[in-house]
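This structure is in structure tokens; I'll ask about it shortly.
Order of writing sets the labels: A, B, C and D. Residues in every chain begin at 1.
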Amino acid sequence: MIEFKGVKKEYPGGNVALDDFNLRIDRGEFVFVLGHSGAGKSTFLKLILHEEMATEGKIVVNGYDFTRIKNRQIPYMRRSLGVVFQDFRLIPTMTAYENVAFAMRVTNVPERRIRSRVPYVLNLVGLQDRARSYPAEMSGGEQQRIALARALVHSPPIIIADEPTGNIDPELSVEIMELLCAISKVGTTVVVVTHEQELAAQFHQRTVYIDKGRVVSDSCPVPSRPTFLAHGTGEASR
Amino acid sequence: MSISGFRYLTKQGLSNIARNKLMSFASIGVLTACLVITGVAALMSLNVGKFVDYLGAQNKVIVYLKLDADDATIESAKQAIGGVPNILSSTYVSKEDALNETKSWISGYDNGAYANVLDGYEGDNNPLYASFRVTVDDLSKIKDTVAELAKLPGVDFVDAPSDLAGTLVSLKRAVNIGGWGLVAVLAAVSLVVIHNTIRITVFARRKEINIMKFVGATNGFIRLPFLVEGTAIGLISAALAFGVVSGAYIGVLEAVSRAGTGWLSSLYFTIVDYNSVWSLLLGVFLVSGALIGGVGSAASIRRHLKV
Amino acid sequence: MSISGFRYLTKQGLSNIARNKLMSFASIGVLTACLVITGVAALMSLNVGKFVDYLGAQNKVIVYLKLDADDATIESAKQAIGGVPNILSSTYVSKEDALNETKSWISGYDNGAYANVLDGYEGDNNPLYASFRVTVDDLSKIKDTVAELAKLPGVDFVDAPSDLAGTLVSLKRAVNIGGWGLVAVLAAVSLVVIHNTIRITVFARRKEINIMKFVGATNGFIRLPFLVEGTAIGLISAALAFGVVSGAYIGVLEAVSRAGTGWLSSLYFTIVDYNSVWSLLLGVFLVSGALIGGVGSAASIRRHLKV
Amino acid sequence: MIEFKGVKKEYPGGNVALDDFNLRIDRGEFVFVLGHSGAGKSTFLKLILHEEMATEGKIVVNGYDFTRIKNRQIPYMRRSLGVVFQDFRLIPTMTAYENVAFAMRVTNVPERRIRSRVPYVLNLVGLQDRARSYPAEMSGGEQQRIALARALVHSPPIIIADEPTGNIDPELSVEIMELLCAISKVGTTVVVVTHEQELAAQFHQRTVYIDKGRVVSDSCPVPSRPTFLAHGTGEASR
């Protein structure tokens, strides 16, 4: 699903954000990516998204080999990703509803389906009442959850979340993580970048540590079935 | 793209106009201003051109008939002149007319000091030629026309205001080049202005465009609302500019027609009629407004689509 | 504000031009375009005005002296005419000159048919008046001038081309109103365009302005760099526009001077000389560029300072 | 220092973010403000900053009574605040150095002082190497720390931080909190809005809970001298 082989990313200024970066994430996996501020976590995501291009190495996302991808294929590659950006990236001139619906519109989903799916997803992140609000009229946590709703709405095979709980209180954070876990159980690949180690620790999933642009540790999940799952799935299908 | 998607994007583009009020206003202002300038320049150019034409039409070519021309010759000459191309009208001036004209003209000089100089030249003594006063259509071809006229039966010689004709032809050419040059320059300047305005407008929304790309929108999907928005702004501007230019032009026409006496009122008949230009003006405005607005903004987002 | 603070803000404003390359380019483009338009319109207006003046100067007022005027009377009349205001030049035409002129003129008519009509009027028989041909400065005051000339000793009567004068005066007035009206309209349109461009430019940077406010910057502190930036952009545009207009004008002057023969080359002497306008043009461009750019952008940020 | 009396804030759309909100924070206090997403925490800060205006009630900040404050006094009131915004609000056209220096320039601090103070503060947040970077060239956590540096640089009597550790890993978060604690010990009022209850709990400071726009709990700090302080002061003066 996602494969990085010997990837190096050097920014124009000379900053090397990733160096000999190797990682393989398979279909249906749930992976936490941890690391200090400036370790290269967001750069990793930006490379997956083809927002930045690798200086060296090979990246394959959902079958698209980035050394060979054509410009006109990029939108289709991106549609296979649901991304929660660290800075949200909501369109300021669209309401919450429109921001979420937009991710479906680009794939030509019929209007009828959009009208039933968007409220459902807004409900999932607890923002059914804020559908008509513009991003500037929402709190930080609300914006973050809209960004999450947008990432989920078109049921992409891969969901990538950069600090999805950075602006959200602990209870809600756990709820959201449970939601993501539940989604991964039905075959969606989920990559969560977070600095909240304790939150990650609660979920006993594969955890990748990045430091200075390299993968320094890649621990496998605890084999036992985690306790939260019964509750988690309940949340997701509510 | 599906029809509902197309409908959605079109609606999106139109509602963007209302959403980006400040920028829509500003863009419409700029586009309208530029169209008005170009339109006014074009109308001025048209009118000056027509005025020069009018001056040209005032200048007659005189076709002198042989001194012994009888009525039959005169008639056949008249027919022949009618067959020569590039001629607008011709008036016959008989020997008597010519003498009377000359007399009244001479008696006007120096308080009538020479009023009687021509007494005794009437009738068969009349030394003057009968002639046709001919106005030509296209002054630039006057040489050919004169040559043709000179060859007609019964014609003695042709007196053409060739110097004046040359002057008018070059004046008209200068006015044409100058006038339409001005229109071209103003249109070019307007394009620069509009292009830059659209670039800034799009620049102010680059973040929005960027985000759409990351959500997986194709370039076409992002471009269409901009195309619709730009086209609508172009059409609105065209309508406004048409209103302004038409209003101003009708105002000038009225002012001139009311000017009453003197030189200004004589201008009235040389002014290009509003009825004969409005449809062209509106058409050109709408088409160029839509093209500039739509294509301009769709093209301006290109650099922001490269992510 | 401290001097170092002032220096900092000025530097900030200038470096913003480099930082906001796209917007600086676009603004300079728009401002230059508008200045060029207005400048070209002003030069055209000046030239048409001067051309009309030139036409006016071609028309002479003829001051006829009494038939029996002797040399002393002529001399004193000459002096007296020199003392009348609103007169550009005067040329003396003696009785003999007048007769010769009339003769050559009449002999040119109808292939010299009347060439000998005036034989025998020479010397003491000469019925023509000695005269001064006078050109007036300001045609609109020609009536007063003629009245004054008529009262001078030794003057019999004054022949003024009053109709033509009237026409030229109204033509000049029309050209003045039309020309400077055009300049005013283009300047106004340019202002609209520039104002809107600046508004969009500032709008694109509203976030930046906003943040500065929240860090505790006073309005003056935020405005100064915009003022400097706008002024610099205005001055750059003024310099560019001056270059373009000057280049074009010099080009036209050369083309006209090389036109060789005919009507166009005769225009050369009526064209306003480049040396007599460049400093005014540059001055007006620089001042208006700086004002529009500086004051315009400082004023445009007002609405964004309200937080 | 900061006083809210019966404050109500209703946003144009009809959202009531704060209702009968009462709070008094004195000079030198260190206060955590906790609450769910959308509780009204950022609104509270926006009101202090005069970014939004109260619909009802009385607000006094640093002696400026907002019912009577004049427009031209607002910049001076704001200079007595050092704010870390939830969305950072760095000026995108300025480097990190310039962004930080800017808060000193507005108060006409001599250039010499700026040149010595800014690197010191950048060092404090661990970003001495990033002085020449523009915000877009920095990671989320780095941007957040630049925002913190800007809030500290002119030594304002009040420092307000909205989720200052939302994008920062746990160790660094603790360091930053310790830094803020140390600053409050020398007489600066510090208000920290955070959703990381556990982080707050480590610091045994006054904690205000906001829920649905009201203060629902206001617990006093544990009287005993907390253990982190020796270490914390050391960090701050490094």
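Rule of thumb we're sticking to: a contact is a pair of C-beta atoms (placed from the backbone, for glycine too) under 8 Å apart; a residue touches a chain by one contact, two chains touch by 3 or more.
Quick caveat: nothing in here was measured; it's all calculated off a predicted structure.
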(request) Take the average of all CA coordinates in chain A, do the same for chain D, and state the distance between these two points in whole angstrom. (result) 29
(request) Quick one: report the Å distance separating chain C from chain D, using the average Cα coordinate of each chain. (result) 63
(message) For chain A versus chain C, what separation do you get between their C-alpha means, in angstrom?
(response) 68
(request) Calculate how many whole Å lie between the centre of chain B and the centre of chain C, each centre taken as the average of the chain's C-alpha atoms. (result) 25
(request) Could you classify the connectivity of these chains, where an edge means two chains touch, as line, ring, star, complete or other? (result) ring
(request) Identify every two-chain combination in which the chains touch. (result) A-B, A-D, B-C, C-D
(request) State the interface residues of chain B toward chain A in the complex, per the touch definition above. (result) 1-2, 4-5, 8, 16, 19-20, 205, 207-208, 210-219, 221, 307
(request) Name, in rising order, each residue of chain C that touches chain B in their complex. (result) 22-23, 25-27, 29-30, 33-34, 36-37, 40, 110, 113-114, 117, 127-128, 166-167, 170-171, 174, 182, 185-186, 189-190, 192-193, 195-197, 199-201, 203-204, 262-264
(request) Show which residues of chain D lie in contact with chain C when the two form their complex. (result) 49, 51, 72, 75-79, 81, 83, 85, 89-93, 102-103, 105-108, 110-111, 150
(request) Note which residues of chain D are touching chain A in the complex, please. (result) 11, 13, 15, 34-38, 41-43, 86-87, 133, 137-142, 144-145, 162-163, 166-173, 195-198
